[in-house]
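In what comes next, chain A is part of two complexes: it sits with chain B in the first one and with chain C in the second one.
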Partner chain A sequence: MRPFLSTACAASALALTMLTAACGAGVGSTAPGDGQAAPVSKAPELGAGEKVSIVFESYNFGQAGAWTDTFNELIGAFHKAHPDITVTAQKPQGNSANPATDTISSLQSQMSVGKPPDVVQLGFSDLDFTVNQLKALPLDDLVGKDVVQKNFDGAKYPFAERARTLGDWNGKTYGVPFVFSTPMLYFNSALFEQAGLDPAKPPATWAEVAEAAKAIKEKTGKDGAYVDCLTKAAKDWCFQALVRSNGGRVISEDRTKLTFAEPQVTEVVTAMQAMVKDGAMPNRTQMQAVEAFARGDLGMILESSALQGTFAKGAGEKWKLGAAAMPGFEGKPAVPTNSGAALFVFAKEPAKQRAAWELITFLTSEQAYTTIATKIGYLPLRTGLVDDPAALKPWADANPYLKPNLEQLARMEPWVSMPGPNYLQIRDGMMEAVESAVFQGADPASTLTAKQGELAKLLPGGRG
Partner chain B sequence: MVTGAFVEVPPAAQAAGGAADAPPAGARSRAPWRALWRRAVRLAPPYLFLAPALVLLVVWTYRPLAQTFYLSFFSWNLVPDVPMVPVGTANYERLLTTPDLADSVGLTFVVIVAMLPFTLVLPVVVALLTRRVRGRAAAAYRALIFAPMLVAPVAGAAVWQWLLDPSAGIVNTLLGTGTNWLNSVDTSLWAIIAITGWHVAGFAVLVVSAGLTGINPDYAAAAQVDGASRGQITRWVTLPLLSPTLAFLLLMTVLLSAQWTFPLIDTLTQGGPVGSTTTVYYLLWEYGFRSHDAGLAAAAGVLFFAGFMLVASLLARISDRLSRYDD
Partner chain C sequence: MDETAPVGERGGIARRAGGHIMLGLLGLLCVFPIYWLYATSLRAPQDVYELSVLPWPLSLDSYADAMAKNDVAGMLLNTAIVAVLSALGQLLIGLLAAYAFAAWRFPLQRPLYLLFVGTWLVPFQATMLPNYALLGQLGLLETLAGVIIPTLCSTLGVLLLREHLMSFPKELLDAARMDGRSAWGILWTVVVPTLRPVLAALGILLAITAWNEYFWPAMVLQRSNAVIQLGLRSFMGTEGNDWGPLMATAGLACLPVFALYLFLQRHIVNAFVRSGLK
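Coming up: the complex of A and B.
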């Protein structure tokens, strides 16, 4: 039976081999100095007839249907406007149910072989890491601050004031905010009517949501409400909104101390846990809840408008999709945050850098936002478009979902990214604690406190 | 079995060869070199035959192993431009002081134990029963049992996801329950184990069937002549002679269960809910490729490697003792 021993060795070596085969190149390679980026020089304008090809990676290519169709259409339009620039569009590598969770790992694996995509769409939660570790190129240096600001001002309609600075770090613009939403309460009008609720008066507080959810569950047998902000897969964007709505923060304002075990936060988690315990909220994964709502098996869902297209398609003629602003806690104003992503440049050659900027200006143009808003449901960040009869006004008038989202855009707070190289472990760890309390019945206060103590060591300078 | 030493050419043949090409008298000074060269040429072929395999083994297994060990003392996020920071034993300290590693080892242990019915008990029963079926029906039976193995794990997982859907899935419809099998800490791991069992049982049946075919039927016939019943023959003749095969399956289960479950965990639960399906390999993968903490992942890899080595050598020793051979 001796050969078994070698089989055994080979088997246990496999995992190690998997890891090092991928990163073998890095071992022993001497990285330059202290990791300070060399100053980025300006990328010159492209010459007439100069052919460039660039790669654009976006998680919106990762899901068939509204997302991919719309983005293919945009890239097609870009090719018509810039025949000399060839754009290869790709989705992040990986097979997560939600392709948006694969963005950073995909970019990192491509960087580790020295070939990052030229333009990448990355979430705001990754901002600190994108700028300080992955070294996204500062657009202010690449094309000039005035050009960046001119793009924000637009040809006709400027960016919403709160949106302009979301991709900034220490006063420099690194990413152009591209697609995002604020948390929206989508509801199934048919189920509302069957449960004796008025679709014209959707719930405005969490207590009302719980009550309506219970009515739906009792009268229709379908599930009540799902808050897609409470799991690791959902990330923490709208969990931060819930916490801010109750006067708390998940991390201190200067981002040096975790504060997600404070009473304001545990109150939020306890309230959400109570909804699960009362049967108002079913225990579902993100994907299960989204599919159930699109199928008509769920009464309400707090969700990004990124899924509005999916929901509208699911509703079809069978039921009517309704939307309301994010509910608040009794007697306190709701504080929405933004989801979504910005566009960053990682191109190495000057020509590609300039072509990347051309793509970014096109994708954030009036024309592109008209397409994105109508076909997917993301916010048109150039808000003036909705008052223009030639652009989005007819659509906005016919679309009841847009108004609450636009109102929230005017008063939203940014989705704060976690600091340092271990930011993902901090964010995921926090959301795992929230998930275990809300959906698996763990005690909120003690779970959050224990997790906060464990994760505090991962903050920059936190390791003793 | 290979003994590990190559067969030397017998001295008689050596002497005969030497006599045939005896060096001319004038070349006597070159003789020691020539003898050495000839000796080398004579000994070289086996090593030359081995060389490609050895080179590949070093390049793909031992070099990465050494690199992993080296990497485990650094903090690095796998980006080539970012310097590797030496951190001493901090990665090991973190692994041993946070609950993640211990939890995942515990879960992996549960997976291994719970896989044994699917890889040992069930296959033996099925193989013994199908042995009585003759002709084409036997082939059809075996094909049916082996079929799940041919389904790609990720494709199978997608179908199981629908079957297990909490509101629309057929499992809950049949059972009349409302359980969210894949998203409850109490059931998620068991769902993964059952699906993995469904997937690998066919392979185990095939291995056991092959083992049964290798047993000389004369033993059973002799026992029958002595008046042994069918049950007695199975218990006292067939099973002992099957023990090397069973030991092999046991070893496979212990060492590979965590790997068999990996694609299912990755597709169905991503280690969740709340880490309830995070086995050692998934933890390793999360550290390395989700958090991009190469140092921590390498340290975890080194620890797992040491652990599995220990388990493997123990099992190999035990299986040597327990197995009976038809010598």
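Coming up: the complex of A and C.
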């Protein structure tokens, strides 16, 4: 029995290894691309009465309440405007608590059975992978550059200038930026007052944040400030903002070399570590900090404006929420980045490709942004809408936190995605090093240098 | 000796009391997360982040919110259908396979049985994609049938029932055969009535497992949240978690399992003991 069982075990283990190896050799193993893919032929306009059905995958359908309801409403409105196009909406498949983290694996598994969704909402951190590995279709080829630009110009209100090119790769538009947020400094006005600080003058530099945080800690006993950009769970979007604000970069401009061990970056990590060591920043996880702030037990938090609704709900009548632009480093301008997602086309047939473009045009129209902003609270990328009394002016006037957020839109820089098929290991590895320095007291310079050397091997071609 | 006895007894009592206190504390530790779940679900929406142990004032708003945002009753019904059909299917297939392995002799019996055992060693994640592709070809994605069918054959069921059938007196089977009963007749009139406690225990265990299943439905049902475990996830997202309705839905998802436990406590404990699982 025993020898037979162990043989069976060994055979099963072997079979398993082969199976998992086969799973690993999926879509991602295509040759590393450089964005110079062969042009895709133009998708002709749909003929009169031509029936098409397409699938739209968005993580917004994974969330009950305003998200699903608003998107269903938009799809309904699209049906009315385009009765010949049927849209089936779906959320990414997968088992993560946050459906937004399942987008790429979901797309890959559907591609592996030859049925990718036609339109997909994907994050900017995945841009390189989306274009070069997953082969999202270049919209400039599909419908023509002039048509893509015309959509950005809009019927009345154009896209914010900096938002127009966020889904571009090598001069071609692959994704139409759809929803996003910028990092904001949210604060608890009640704790500010108790600590003798003026909520009308929130801190504008990190030195002021540290000082105010210490005052809050000393006078109220509550925690001071948390920067939700320094852990693996936070990903690297607003860490990049901190680094850019100090004149550094996490990767060179030509994207061939990791640069997160350069002095400008280690200075940022050292400054954040000092806040933890001085007791100005609590040593907490992302989730703990968000909840402590919503509960009123934390003075300030640098957080995505997407969480504003959670904070406003937590504050209720108990304490007053304040919001300010992201602070900068002494004498240098703050450089916010954006988190969020764009809409990409993966449809295979020309008719579906054209229908996919029609859906994207609709979802990024003035009408759709008005619905999305008022019902979900996302930033309208057609910023002019907030000055139009017939569109978003009443909503903007009732939303005191919108102004600093919109101002940041004008001077933000893109969230740079890491290159190659190992982009997630590179991004997560970098953030692990940052986390261990800031929250576990490791030496910033040596930790970042060691990690950079290790991760450089994962760049395409193993470049250092 | 007489003098030392009471001291020993006292020591015994103290030890026993210590043991009970320890067990009590461990019990509290186990129950506390469940208590916290219900406490959070009963807080008023604006108090959801409060850390007070006793929620006050009590509010059912989170339950109303959960019901308004999701079809919770429909989800519970769907989950019950999946759990019952999946458990019944596994019992039936397990019973037939175990009967064949235990009561019959046929070529390659042992290697075939070991192959069955071997499938237990292959993690679900390895078979997930082939199963998904097959369901896609059969057109069963996005259906409850797609959730149920790939779970129908359970190695645990075959293994457990075979072990029980192996200890089943062969004389009884021989006697029934001499009475002229068919193999099918023997299974249903002799074997099944004797195995009833085992089948009940295993059925409960399988139903609870299917009720709690999350990973596979999340793969198959991409366009709806038809089962309750997926409904739970719909309160988590990029914009933070909606703890009130999340906890309310989780509380409701636990109720049928608690009810089952309350009424069939003996069978459930039995099931865990028999399967060697904890």
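Keep in mind that, in the parts below, the second predicted complex is superposed on the first by the 401 of 464 C-alpha atoms of A that agree within 3 Å, B and C clash if a C-alpha of one lies under 4 Å from a C-alpha of the other, contacts with A are read in each partner's own complex, and residues count from 1 in each chain.
We take it that a residue touches a chain if its C-beta (ideal position, glycine included) is under 8 Å from a C-beta of that chain, and two chains touch if they have at least 3 such contacts.
It should be emphasised that the depicted structure is a prediction, and the values quoted were computed from it without experimental measurement.
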Partner touching more residues of chain A, whether chain B or chain C
B
First (chain B), second (chain C), both or neither touched by A:78:
neither
Is A:290 touching anything from chain B or chain C once the two structures are fitted on A? First, second, both or neither.
second
Per the contact definition in the header, classify A:112: touching chain B only (first), chain C only (second), both, or neither.
both
Output check: A:95 vs chain B and chain C. Expected answer is one of first, second, both, neither. What do you get?
both
Mind working out whether A:206 is in touch with chain B, chain C, both or neither, as first, second, both or neither?
neither
Is A:152 touching anything from chain B or chain C once the two structures are fitted on A? First, second, both or neither.
neither
Check the residue A:425 against both partner chains and state whether it touches chain B (first), chain C (second), both, or neither.
first
Touching A:307 in the superposition: chain B (first), chain C (second), both, neither?
second
Doubly contacted chain A residues - partners chain C and chain B:
4-5, 8-9, 11-13, 15-16, 19-20, 23, 95, 97, 109, 112, 291, 295
Which positions of chain A touch chain C when the two form their complex?
4-5, 8-9, 11-13, 15-16, 19-20, 23, 57, 59, 62-65, 67-68, 88-95, 97-100, 106, 109, 112-113, 115, 290-291, 294-295, 306-307, 309-310, 313-314, 316-318
Under the definition above, what is the set of chain A residues touching chain B in their complex?
1-2, 4-5, 7-17, 19-35, 95-97, 104-105, 108-109, 111-112, 114, 133-135, 223, 231-233, 282-285, 288, 291-292, 295, 297, 421-422, 424-425, 428, 432, 435-436, 439-440, 442, 454, 457, 463
Chain B residues touching chain A in their complex are 1, 60-61, 63-65, 67-68, 70-71, 75-84, 90, 94, 98, 154, 165-168, 180, 182-185, 244, 247-248, 251, 255-256, 259, 266-267, 270, 272-275, 281, 284, 288-294, 297-298, 301-302, 304-305, 308-309, 311-313, 315-316, 319-320, 323
What residues on chain C touch chain A, complex-wise?
45-46, 48-51, 69-70, 110, 114-115, 117-119, 121-123, 126-127, 129, 132-133, 136, 214-215, 218-219, 222-223, 225, 231, 233-242, 245
